[in-house]
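There are two complexes below, and they share chain A, which is joined by chain B in the first and by chain C in the second.
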Partner chain A sequence: MNGTLGREAMSWAVALAWIAAVLFILMALVGAPFGDALSAFLQNAFGGRRFSYLMATLSRAALIAGMAVSVMLSFRAGLFNIGGEGQLVAGGLVAALAALLLPGPPLFVLTASILAAMLAGAGWALLAGALHLYVGVPLLVGSLLLNYPIRYIASYLVAHPFRDVQSGMVQSHLVPQATWLPYFPGTRLDIGILFIIAASLFAIVYSRATVHGYHARMNGLSPAFARTVGLPVRKLTLQTLAMSGAIAGLVGAIAVFGIHHRYIDGMLVQPLYAWTGIIAVLLVGMIPWAVPLSGLFFAAIQTGAAGMERSAGVPKEIALVMQAVIILFVASRVSGALVASSERKAGAAEDA
Partner chain B sequence: MRASLSGITVRFGALTAVDNVSLDIEPGEIHAIVGENGAGKTTLMNVLFGLVQPEAGAISLDGKAMRWASPQDAIRHGLGMVHQHFMLQESMTVLENIVLCAEPVTRFGFIDFAAARRRLAEVAEEHRISIALDRPVGRLSVGERQVVEVLKMLYREAEVLILDEPTSVLTPLEKDRLFATLRSFRSAGKAIVLITHKLDEVMELADRVSVMRGGRLVRSGRLSETSKEEIARGIIGGELPPARQRTARTPGEEVLSVCDLQVSGRGGAIGPLSLSVRAGEIVGIAGVSGNGQAELIQAVTGLMPLLSGEIMLCGRPIGHLDVEDRRRIGMSYIPEDRQRMGLALGATVSENANAGRDDRAAYTRGPFLNRAAMARFARQLIERYRIRVGGTSAFASTMSGGNKQKLVVGRELARDTPLVIAENPTWGVDIGAIDFIHGELMRKRDEGHAVLLVSTELDEVLALSDRILVMYSGALAGEVAGAEADRERIGSMMTSRAADALPEVA
Partner chain C sequence: MLDLLFDPSFAASVPRFVTPILLAALGGALCERAGVFNIALEGFLLVGAFAAVFGSFFSGSPYLGALAAVMAGTAMGLVFAEFNLRRGGDAIVVSIAINILAAGLTTYLLRAVFDAMGAFSDPAIAGFGRVSIPGLASLPLIGPFLSGQSPLFYLALLAVPALSFFFARHRLGLRIRAAGENPAALEAGGVGRRRVQLYALMGCGALCGLGGAQLSIANVTLFVENMSAGRGWIAVVAVLLTRGRPWPLFIIAVIFGAVDSLSFRVQGLGMPQQFTDMMPYLATLAVLVALSWWRRGRTANGGTL
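Right, the complex of A and B next:
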C-alpha cells in the first residue's frame, strides 16, 4: 500500500513539475517575470486586502460547486443531463422576477423566490426528462437544446417587459435591498455559500446513504440491470432530474440574491458556471465528497489567472492558456489514476 | 512455437487467482486447461496474452524470455486469443473486423482490402473455413462471430492460439465445425490452448490436459495417461456427486399462463404462443438460441411490451404491468446475461444482492439504507450458495463467471416467489456450480414453486424438466412429457430447419 502511495505522490510531483515548466516557458515568451506572476496568481486566488480576493474565489467556487453537485446527481444515475445552464438560468430568472413581483415581508419574499427558483430549475430539467421518456429525444440532446430557449426567453424578459431602462443596460431592476443575502460579518462574502454547503452535504448523504441514491446509482451503473430487478426506472429518472434541476435553480437564486441583486442578461451564461461544473465533476470521477473541492480548485484557477493579468501584466490570453494547461495536467493526473484503478477491476473481472 | 510459463503468480487484492503455476505449451498439440470457474484458467492465459501482469513468474517463447507491455506486444510475437465474450465491432463488416489494427496499406496510405481478401482466402482455403466477408458482424449468429474471431487470429499469423470456453455458445453442429478447424490447426503445427470445463470435449479433442483448482495446477500430462474420472476428481478435489433423483409429484394449480402471446422479434413477430406452468413442476423450453425464447421471456418478465395476448400470474392479468409490479406479485428471474442484466458489475456484492428486494423494511430505515443489514443479507447468500469472493464490499466485477451466476441465482431464489424464470442458468458455469444450481431449481420445484426453464443446452432441459416445450422459429414446435422425453425427437423438433438458422458457416 505504501508503494502505491509513494508512486502516487511521485506522479503528482511530476505533473506539478510539468505545469511549472510549461508556465515558465509561456511567461518567458511574453516576457513576464515568473516570480511576480506566480505571486500575483496566488495573491489573486487566495489573498487580497482583508482576503477580499479569497472571498471572490469562494463566492465563485460556491456557484461552480453548486452546479457540480447538480450535475453529479444526474450523472451518477446515468442521466446525461448537460442542461445545467438552462436550469441555472431558469432559476436565476424566476428568482429575480419573483422577488420583484411578490408583495410581503422580505424574508417571505426571499424564501418564496428561492423556492420558486428551485421549482423552475426542476421544471426545466423535467421537461428534458419528459422529452426523453415520452417523446424519445435522447436526454443528452434534449437537455442541451433546452439551454437555448430559456437563455433567450430570459434575454427578452429583461430586455423588454422587466428592463431597468434607466440603467441603460440589458438587466432587470434591482431586487428589494432587504432581500439581499447578508455578508459574513467583516467580509465581502455573502452567505449564499452556506446554501451550497447544505446542498453538497445533502448530495453526499443522499448518494451514500439513502435508498433512492442507491437505486439511482444502480441505474447509472447498468440500466439493463436496474430494469431487470424491477427498479422504478422512470420514476427514478424524473425524480433525479428534478433534484438536479432544483439545485441548479438554487444556484441561480444565490447568484441573484448574493452577488448581482438583479438578473443581468448573460450573467449566468458567460462565466460558464454550468460547464465548469461538469468538468469539475468529471475531474474527480463523481466521488461525492471530492466534488465541492474540485469546484474550489476551478474557481481558484480562474480568479488567480484573472489576477495575473491585472497585477503582473500577463496578457489575458496567456493567462487563459495557463489556466487550460493547469487543468489539463491535473485532469490527466486524476483521470489517469481513475483509469488505472478501473483497469485493475476489469483485469480481475476476466478471471473465470 | 513453444510457449512456457514458469512460476506465475497473480493476486487480485486478497484473492490469489493464480498461485505459482508453471506450464509448457507445445506446438502441434491441443492443450486443454480445465477447472471450475475461478480456478484461474482464464487469468493464467490472460498473463500469457499480456492482459494481466503477473506478480511473479516469467513467460518465454521458444526458450526466449518475454515481457509483454500490452496484448499488442503478444500479438506481434505470434499469440492469439479468442475471449469468452467476443471482442468485435458490431457495426463493421467481417473483413473490417479482421484487418482492424493490422491493416495492409497501399503505397498511398489507403487500406488494401484486396490484399487482405487474397490472404484470407488462402487461410480459409487451407483450413476449410468459409464466411461472407462483407456482412456486418452485428447480423451474424454467435457461431459465425466465433469463426470471425478465429480468422482474425489466423490473419495475424498466430502460432499459439488460446480459446476461452469456445463452445459454450455453439450448437452441436457449430461445435463439430470448430473442432475440425482446430484439428486442422494442429496438423499445421500450431499450438492450441483450449480453456473449458466440458470434459467430453477434452476427451474428444485434447492431446494434453492440465487441471487447475483454486489457482494451483493440480495435474498436467498427456490425455492418454489419464482418464475422465481422474480429471473430474482433480477438478472438484473429490468424488463426483451422485446423479439426481426426481421425486414424483403431481403439479398443483396454474401459476403462469400465457395465452396467444405475440411480441415483436428481430426477424418479425414471435407467436402466437400459449403455455402454462403449474405449481410444483419445471417446464423446460428447449430450442436453438434465437428462435424466440428471449422475446418470450422478455414479454413475460415485462421487459418488452406485448403486441397482443394476455399473461396471467397467480390468477391476475399482468400483461399491462411493469417489471416491478410483476415481481411483487410473485416472479423472480435469472437472466441469461449476468454481466449486464443480472448484476451491476461496478457495484459491490452487497449492493447487487439487495437490489430488487421486496422486504424493503428489512434493509432500510426510513429513506436511509441500513448498510449493516444489507451486508448481513449478502453474507447469508455468500455462505448459502458458497460464493467465492473477497467479501460483501468487493466489486461484483471481481468474481468469476460461476460465482457471479451463483449470486444472481441466490438473490432471485431468496425471494421465494411462486414463479421462477431461469434463462440458461448454467451458461458458462463449471460442473460444481451447475450441479448446485440444478439442485436449487429442483428444490424449488419440490417445495411447490413453478419453474420456467429456458435453455439451449438440451441435457439441462432433459435433466430437470417435468414437461418440455420446443421452440422453433418463433413458435412452439411441440410438447413432450419429461419422463418420456427422447433426445432424437426433441432434437429433430428444434432443428427441423436448423440449416436455415446457420447460413454461410461451413
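Right, the complex of A and C next:
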C-alpha cells in the first residue's frame, strides 16, 4: 500500500520536475531570471491593485470554464465534438449582429441576442451531428472542419458588411451601450460570470442527477450497451450536441456583451478558448464539479503569463507550453476515463 | 474557370500546395497502419516549418534547414511515443496537447530566438530553388505540373511508391501493418508492438517535418505564426479516408492541393479572401460526404455508429 503511494508520489514529483525544467529552459532563452518571472507570474495571476488581475483571471476563467462545461457534456456522452471553437464563434458573431440589428428596449435586445447566440451555437453543433449521423462524416472530423468556415464567415462579415470602418480595425460596431453587462459594484468584473456559473450548475446537475444525463453517460461509456437496452441513441446524440453548442454560443455572447462589446476578428479564436476548455476537461477526467475549477486553473496560467510578459519580458505563449506539458503528464493518468473513446475511434475509422 | 485550370502558372502552383499535405498524410499513413491514432499532424507540420527556418537561417543551406525540420519532427514523434506508448495516455488527448504545444512553442521561440512578432522573414533564410529535370517539362498534360518544383516535391512523389513498396514487401513495413492489424501475431513473432509503433511515429514526424519545410523554406522563405493553417487536419482526413494506403492517399492529396491552389488563384480574381480561405475545408467536407454516400451506395446496410 505504502509502496504504491510512494511510487505515485515519486512519479508526480518527476512530472513536476520535468515541467519546471521545460519552463526554466524556455525562460533562460529570453534571459529572464526564474525567480522574478515566477513572482511576476503569481502576482499577475491573482494579485494587482484592488485585485484587478484576479478580476482579469476570473473573466477569462468564465469563458474557459464555459467552453469546458460545453465540451464536457459531449465528451461524457462519448461524442468527440472538438468543434467548440466554431460553435463559440457562431454564438459571438450572432450575438453581436443581433444586438446591432434588433430594435427595442435594451433588456429585450440583450435577452434576444443571447438566445439567438445559443441557437446559433446549437445549430452549428447540430450540423456536425447531422453530418455524423445521417451522412457518415465522423464527428471528430466533421466538427473540427466546421470550425474553419464559420471563422471565415465571421471574419468576412466584420471585414465588409458590418465593419466599423472608422475604427480602422477589422471589427463590428459597438453594440448599444445599454446592452453591456454591468460590472459587479466596485470592480472591473462583469456579471457574465454569473451566466457561466448558472450553466455550470445546470451541467453538473444534468450530468449527475437527471435520467437524460445518465443515459447520455451510458451511451458514452458503452454505445453498444446503450443501443442494446433500447436507448434512442440518435436522439440522445443530437440533444447532447445541441446542449453543448448552446453553452458554447452563450460563452460567445458573454464575451461580446461582457468584455469586448463588439465582434473583433479573431477575438474568440486566437486565445484558444475552445482548445483550453477541452484540455481543462481532460485534466480532471470529465468529473463535472471539477471542470469549472480546472478552467479557473488554466485561466490563472494565462493571465499569469500575460503579466510575466509585461514585467519579466517572457513571451506569454509560455502559457500554452505549460498547459500542453501539464496535460501530457496528466493524460497518462486519466486515460481510463476515455475508455469508451477507443471504441468510438475504431468506429470512426471504419466509417471514414 | 476552365481556362484557369490550363493556365501554366496554376499548373506550376498545384505541387506547392500538394507537397505539404502529401508528406504529412504519408506520415499519418505510417501511424494509421501501425495502429497509432495520431491526429497531431498539424502540430508536427508547424514544428517542422519553424525548425526549417531555424536551420536554414543559421546554416545558410536549405538542405540543412530540411534536416533540422526532419530532426524536430522526429523529436515530436518521440514526445508522442513517450506519452502515448510508454505512459499510456489516450492518443486523442496526447494529440490535442501536442498541437497546443506546437502552437505555443513555435510562437514562443519566434519571439525568443528571432525577436519577431507574428512573422519572421530575413534574407539570411535560404530557400529551396526550383529543380529542373531535363525532359520533364515536355511531357504532355502533366509536364507543366511536374517541372521546376522544389526538391521536396520530387521527394514526396518518390515517397508514394516507396511507401507502397515498404508496406507490401519490406520487413519493417510488414511489421508496421501487423502492429495495426494483428498485434497478437506480431508479439507471437517475437517483435514488440510498441517498438514498431515508435518507429512509425518517428517516420511520421520526419515526413511531417519535411512537409513543414516545404511550407516555410520552399513555398516562401519565412515563418508565420500557425502557418500550417489546418493543412495537418486535412492530411488527417486524407489518412482516415484512405485508411493509410499510399496511392489513394496520393490522389486525395492532389485533389485537396488543387483546391487549395485554385482558391489561391480565385482570390486573385477579386473574390473576398475569406471565401477562398474556407474553400479547402468545404472541399474536404464535400469529399467526405461524397465518399460516404458512394460507400453507402455499395453496401446496402451502410449504418453508422
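As a working rule, the second predicted complex is superposed on the first by the 277 of 352 C-alpha atoms of A that agree within 3 Å, B and C clash if a C-alpha of one lies under 4 Å from a C-alpha of the other, contacts with A are read in each partner's own complex, and residues count from 1 in each chain.
In this text, a contact is a pair of C-beta atoms (placed from the backbone, for glycine too) under 8 Å apart; a residue touches a chain by one contact, two chains touch by 3 or more.
Note that the structure is a prediction, hence the values are computed from the model and not measured.
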Partner chain in contact with A:Ala224 - chain B first, chain C second, else both or neither: first
Touching partner for A:Val30 - first (chain B), second (chain C), both, neither: second
First, second, both or neither for A:Ala159, with chain B first and chain C second: second
Touched partner set for A:Leu73, first chain B, second chain C, both or neither: neither
In the superposition, chain B vs chain C on chain A residues touched: C
Partner chain(s) touched by A:Tyr214 [first = chain B, second = chain C, both, neither]: first
Chain B versus chain C as contact partner of A:Pro232, first or second or both or neither: first
Touched partner set for A:Pro138, first chain B, second chain C, both or neither: second
Footprint overlap on chain A, comparing chain B with chain C: 344-345, 347-349, 351-352
Touching residues (chain side chain C, partner chain A) in the complex: 32, 37, 39, 79, 83, 87-94, 96-101, 103-105, 107-109, 111-113, 230, 233, 236-237, 240-241, 243, 272, 274-275, 277-278, 281-282, 284-285, 288-289, 292-293, 295-296, 302, 304-305
Of all residues in chain B, those that touch chain A in their complex: 12-13, 15, 17, 37-38, 40-43, 46, 51-52, 84, 164-165, 301, 303, 322-324, 326-328, 333, 335, 337, 340-347, 351, 355-356, 360, 364, 367-369, 371, 395, 397-398, 400-402, 428
Chain A residues touching chain C - in the complex, by the definition given at the top: 26, 29-30, 80, 82, 131-133, 135-138, 140-142, 144-146, 148-149, 151-153, 155-156, 159-160, 223, 272, 275, 278-279, 282, 315, 317-321, 323-325, 327-329, 331-332, 334-335, 338, 341, 344-345, 347-349, 351-352
Interfacial residue positions of chain A with respect to chain B in the complex: 209-212, 214-215, 217-218, 221-222, 224-232, 344-352
